[in-house]
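Across the two complexes that follow, subunit A remains constant while its partner is subunit B and subsequently subunit C.
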Partner chain A sequence: MKKFLLSLYMKNGAIVIAIVLAIIASVLVPNFSNINNLQTLLKQWATPVLICVAINFLIVTGGIDLSAGYLCGLVSISCGLMLMVYELPVSVCLLISILIGSLFGLFNGCVICYLQIPPFITTLGSGYIAYGLAQIISGSRSINHLPDAFMSLGNTRVIGTLPTMVFFSAAIVALGWFFMSRTTYGRKLEYIGNNEKACLLGGINVNRIKCISYVQSGLLAALAGIFLTMRTGSAAPTLGGAGMPFEAVTACVLGGSALAGGFSPIIGGAFGVLILKITENCINLLNIETYIYDALLAIVVFMAIVAEVLKSRKLQTK
Partner chain B sequence: MKKNLGRSAAISNIGYPLGLVVFYLLISLFVPRLLTLASIFNILTQASVTVIAAVAVTMVIISGGIDLSCGGMFSLAGVINAILVVNLNVNPLVSIVITLLTGALLGGVSGVTVARIKIPSFIATLAVGNLAAGLALVFAKGGSMAGLPDGFKWLGRGEILEIPVAVYIMALFVVVGSLVLNKSAFGNRLFGIGNNVKVVKNEGVNIERIVILVYAISGFCSAFAGILLSSWLGAAHPTQGAQYQLDIIAACILGGTSMMGGEGKILNSALGAVIISALRTTLNLMRVNSYIQNLFVGSILIVIVALTTYLQKKSNKQSALF
Partner chain C sequence: MGSANSTKLLEMKSITKYIYDEQGRGLVATGIKILDAVDFDLFAGEVHVIMGENGAGKSTLMNVLGGVIEPDEGEILINGEKERIRNTAEARNKGIGFIHQEMNLCSNLDIAHNMFLGREPHNRLGLSKTKKMNSETAQMLSKLGFNIDPRTKLKNLSTAMQQIVEITKVMSYHSKILIMDEPTATLTGREVDILFKLIRDLRDSNIGIIYISHRMEEIEDLGDRFSVLRDGKLVGVMSKSEYSRAECMKMMAGRVVNLMYKSTHVPTKDEVFRVEGIKIGENTKPFDFQINKGEVVSFGGLVGAGRTELAKSIFGARQYYGGSIFFEGREYKKPSVSKSIRLGISYLTEDRKIEGLVQQMDIKSNTSMCVLDQVSPHLVLKTRQEAALAQNAINRFSVVCLGVNHRTGTLSGGNQQKVCLGKWFATEPKLLILDEPTRGIDVNAKAQIYEVIDQAAKDGMAVMVITSDMHELIGISDRIYIMHEGNLVTEIADKREMEQENLIKYFLNSDEACESEA
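Entry: the complex of A and B
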């Protein structure tokens, strides 16, 4: 029994923790199991999970995208401007927004892969560029009263009362899982994370594969920006922010990703985000100061690091 | 693929400082006021915080790592010091020592994570930085802490012989840092680790200890910079460090520190920090808001890294030919 539980935890740790946490929260925290609160929880889950999927594809090769949060803000405000100032149709606006995100990701990817500049430097710099651009084009203002045609895309309620954006996000998690574990693209990323030199010698176009993963990150960050705009109802340059990528890294770690690269389960990461959001939700419901959450994220990463050490020690002794 | 110890054809010894000084003069063409003694001291005082952190971050980068925890560390150091001095009435000198030790300890934590557990340095230090930033907010209960004694404020605002105290402190850090990096066995091994870990390992050097030490030094310097910052501002703000992370990394890169490790000069990083401080002051005078300043600094960061990496590659190719 003990062995069974242990293996269940090792394989699906995040899922188990999420379920246990949800049960504990619904017993101890008043209003947690309220249907409205659970919906809010899922809505809060829908955006960061996209960043988490993107970051999963990056940390598997030892990369990172620190610009993802700021890119959300840039996409959000350009979306708002296109809708309200230039009065473009919603579909065109969505297309251009996603294009902006992908191009930004392509820029990151090219600088990182073809100029061989460490990803954290590139994305630290490009993040501030995105933030600056967002502030310039918006004049540091946010845009409210977005058209219904846009808002309803993410907020229409289907199957009971869940908004569509939750289903979109779930679909993207499923797609991410498919790409990571069922296509050569995902396999190659895992190989690169395990041994980049061997991949080069084996004839894998390492630079191109890595570059694609950064484009994907930009694209998903754009989607996250759009969803965030739909959820909050206003387009603002400050949406997202610097903390978002770190939250995503924390979620990946909770989901069982190896921080040194080589292995990154998407589904685990998605449940990692759920764990974080349940925690944040409880912190809000219990009226505890919200900045505790930031300290908590870092502590979780450290505990995960310690767990990783213990795991690797166990493997060594075996 | 890696270069000889500490040498590069692309960047000569004198070229960088000279280039940076010329760059400063170029900026001052637009704003003549930058050349007055008062504004030079003002820029140096503002730069001192960045310089002190950049001294240690240069060492970390030379060893092949990176420290992204400086910003959080600035905030935490300021807050811890303020709590000790204001709330607990500890003697400022004692509280500074305690704060510096805390910084070194937290730096050591990232060091252990990087050296022993082999977690990439940017993730380890990002986590430590976020932890420090979070703790700063928790300790300060979200607000800023005023009421620091005047004797303590002297550190950031006082003058000796009409030169700000902060400038002396900054110079001290640069000199001691350069000596440690260039004249000690520790510094020598840092270059070795950045250039070729295997060779240093085969010599029987305890690499883990050196890497842990360099991150601890970085934590120590960041904590000092945080104390200086709160002394200069006159209060400890729990988010005071957030804006400095970009400047510190940009300063190191502007100073020609190689992101691949194994190459860098502390004096150049310090000059890089001064240039950035001058740039920000200029933009402030031109009433450019801070987001757009960050856009400038961010672009400079990417362009300079791209340029130096390109030049280094080129010089490596040439040396491979002959």
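Entry: the complex of A and C
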């Protein structure tokens, strides 16, 4: 029994923490267990979890995408411009937005895989490109009063005040889990993350697979940008930002991902996001300084990195 | 050098070391000894060469002396006094300098900073005294006969000069005993000369030098005494006057026991694979060879003969410098790994842990690695088929494990190798290339792998084996090719000629044979 609980925790630590945290919060924090608050919580969860799924697919091979947040902003403002200035139909607008994201991911992937430039540097740089582009095409202004046809896609209430986008996000988490653990694509990523040399000598097209994971990241970032626009009701170049991928990495770490690659559970990551959002929510409800949240994120990532280094040092002494 | 009247610097008495865990603690209970009561001594002012095949225990012995691991039995005397060397720092303080195969230098720092790495002289503010470092470094270098600017960055130095910096650094700890483990592995001819001059100078200044190398010419050039290790035991010690190459090779290889090798396959004359005029290096000579259906062809030679490079070239994992490859009668242009696998060429890597297995994953994931898209053609994993594939490999090669979900990292070396074999047999190869298939695995697993090779040939595969094990070479081969420094030296097709004496002759004559061919 003890062993079973332990393995349950190891495999699903994030789920356990999320539940425990929610119970503690509902006892100690006034208004936390209020149904409206819980629904808000899920709405706040819906966007970052997309980035988290994307980052999961990168972390598994030891990669990262720091441009994802800025890409959200670029997609958001492009969406706004297409809807309001060029007056394109919503479907075309969504299609082009997702295309922008994917192409941007393809660019990242090609630079990283075929020019062999470290993902950290590549995506840091390309993120600023996205940010600059977003500022230029928008003239640093945001666009409000987006058409109903667009807004209702994500905001139509399904159960209570829970809008469609929460269910879309949940579906994408499920899809992500399926791709990661039940397809050859996920399996190959896992091979690469654990032993890239063996993959090269085993006929696995390492570069192509990695490149696909960056395209996927761009695509999901675009989707996150669209969701964010729908939620806030305004298309702005500043949506997303640098904090977003950082939050996603933190969530992945909480979910049990190894930062050095090889293992990255999607469901764990999704609950990692939930843990972060519960924490943020409590900080808001208790009227504590909100910047504490950012510091908390940093502490979690920092501890994870230290743990990782200690672990690999232990392996090295073998 | 007359060593008889010099002082005895070092004496190692019946050193025994069992296989050990990650902390270096010997696993005495296993009874498997890597070093078995080895005696070794060293006089001041001599070069004592240690020889032996891979896995003979040379490095382990030196690791014991260098404080990397502690011996389980036996004692070490330095200058006649019994000493215990618990770690590398203690070894250094007792005057033992260890020059490793890979240099421990920082290429972005200059010579002086490398020399004083971790012990930079500094003033009260903690700022390092660069001038002092530079002048002392220059002094140390000039003492050894080198005038280089101590501010030169390491990366701007040749490999030999980097090695000299490393030696200077070790000597700056007042080392009396210098251990050199294959120092010339990455050096060119002229660089070797520079290094050798330094070694001789050090010897003449009464330093005792322990020298490990596979290159016979070097050893003969430098050595004053020669100790030969085999399977963890000391086979013999020879002085310069007693030394002969043939005797030494014989000692290294030992007697051939044929019990392990049963040959039931019958080689055919149907060509599967042929190479014409392949050049594996820029300056190597082109050569041809072929492998037929149902035939086991081995490539012998010393370490660094270019056999792994040859295998990787034809497998498509490495660039080569010209030549054509024919597979099943058709020219195989621009080889790549994935193309090779599709055609039916498999390559079992030399290092299974780094290049073969995914140790963190289970047997099932490993055996299906190269055929993933065939087993699951429509993206979705077919776990049942994968499990069947793995179970098949487990049964076929009798892998000792808990089942298809057993993590490969926790298997023994022999069983890991069998999983690797399972991975490649899953691709149903027509040409099977095995690079040192029995390195580092126990005797039983070895015998099983020989059986697998024999059976593969019987089933009609063409098998190419690279091996540095003389017994294996003679025992399993239908034909033998011998390589030397990237060139093909000879082919031995007659079973009667596959005798140890004869092979040793080819190993020894490799240089001349090459020249006469050209």
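Quick notes
Methods note: the second predicted complex is superposed on the first by the 299 of 318 C-alpha atoms of A that agree within 3 Å, B and C clash if a C-alpha of one lies under 4 Å from a C-alpha of the other, contacts with A are read in each partner's own complex, and residues count from 1 in each chain.
Here, a residue touches a chain if its C-beta (ideal position, glycine included) is under 8 Å from a C-beta of that chain, and two chains touch if they have at least 3 such contacts.
From a predicted model like this one, the values you see are computed outputs, not experimental measurements.
Applying the stated clash criterion after superposition on subunit A shows that subunit B and subunit C collide. Once the two complexes are overlaid on the shared chain, A:305 sits against subunit B while remaining clear of subunit C. Of the two partner chains, neither subunit B nor subunit C is touched by A:167. In the superposed pair of complexes, A:260 makes contact with subunit B only, with no contact to subunit C.
With both structures placed on the common chain, the touch criterion links A:246 to subunit B but leaves subunit C unconnected.
Contacts of A:184 after superposition: subunit C is touched, whereas subunit B is not reached.
When subunit A is checked against subunit B and against subunit C, the one touching more of its residues turns out to be B.
Superposed model on chain A: among 145-153, 181-189 or 253-261, the stretch of subunit B in collision with subunit C is 181-189, the rest showing no clash.
Shared interface residues of subunit A, touching subunit B in one complex and subunit C in the other, do not exist.
Of all the residues in subunit A, the ones that touch subunit B in their complex are 59, 62, 64, 111, 115-118, 120-122, 124-129, 131-133, 135-136, 140, 242-243, 246, 249, 259-261, 289, 291-299, 301-302, 305, 308-309. By the touch criterion given at the top, residues 182-185, 187-188, 190-191, 194-195, 197-205, 262-263, 317-318 of subunit A touch subunit C in their complex. Subunit C meets subunit A in the complex at residues 22-23, 315, 317, 337-338, 340-342, 347, 349, 354-361, 365, 369-370, 372-373, 376, 379-381, 423.
Touching subunit A in their complex are the following residues of subunit B: 66, 68, 113, 116-120, 122-124, 126-128, 130-131, 133-135, 137-138, 141-142, 242, 245-246, 249-250, 253, 259, 289, 291-292, 294-299, 301-302, 305-306, 309-310, 313.
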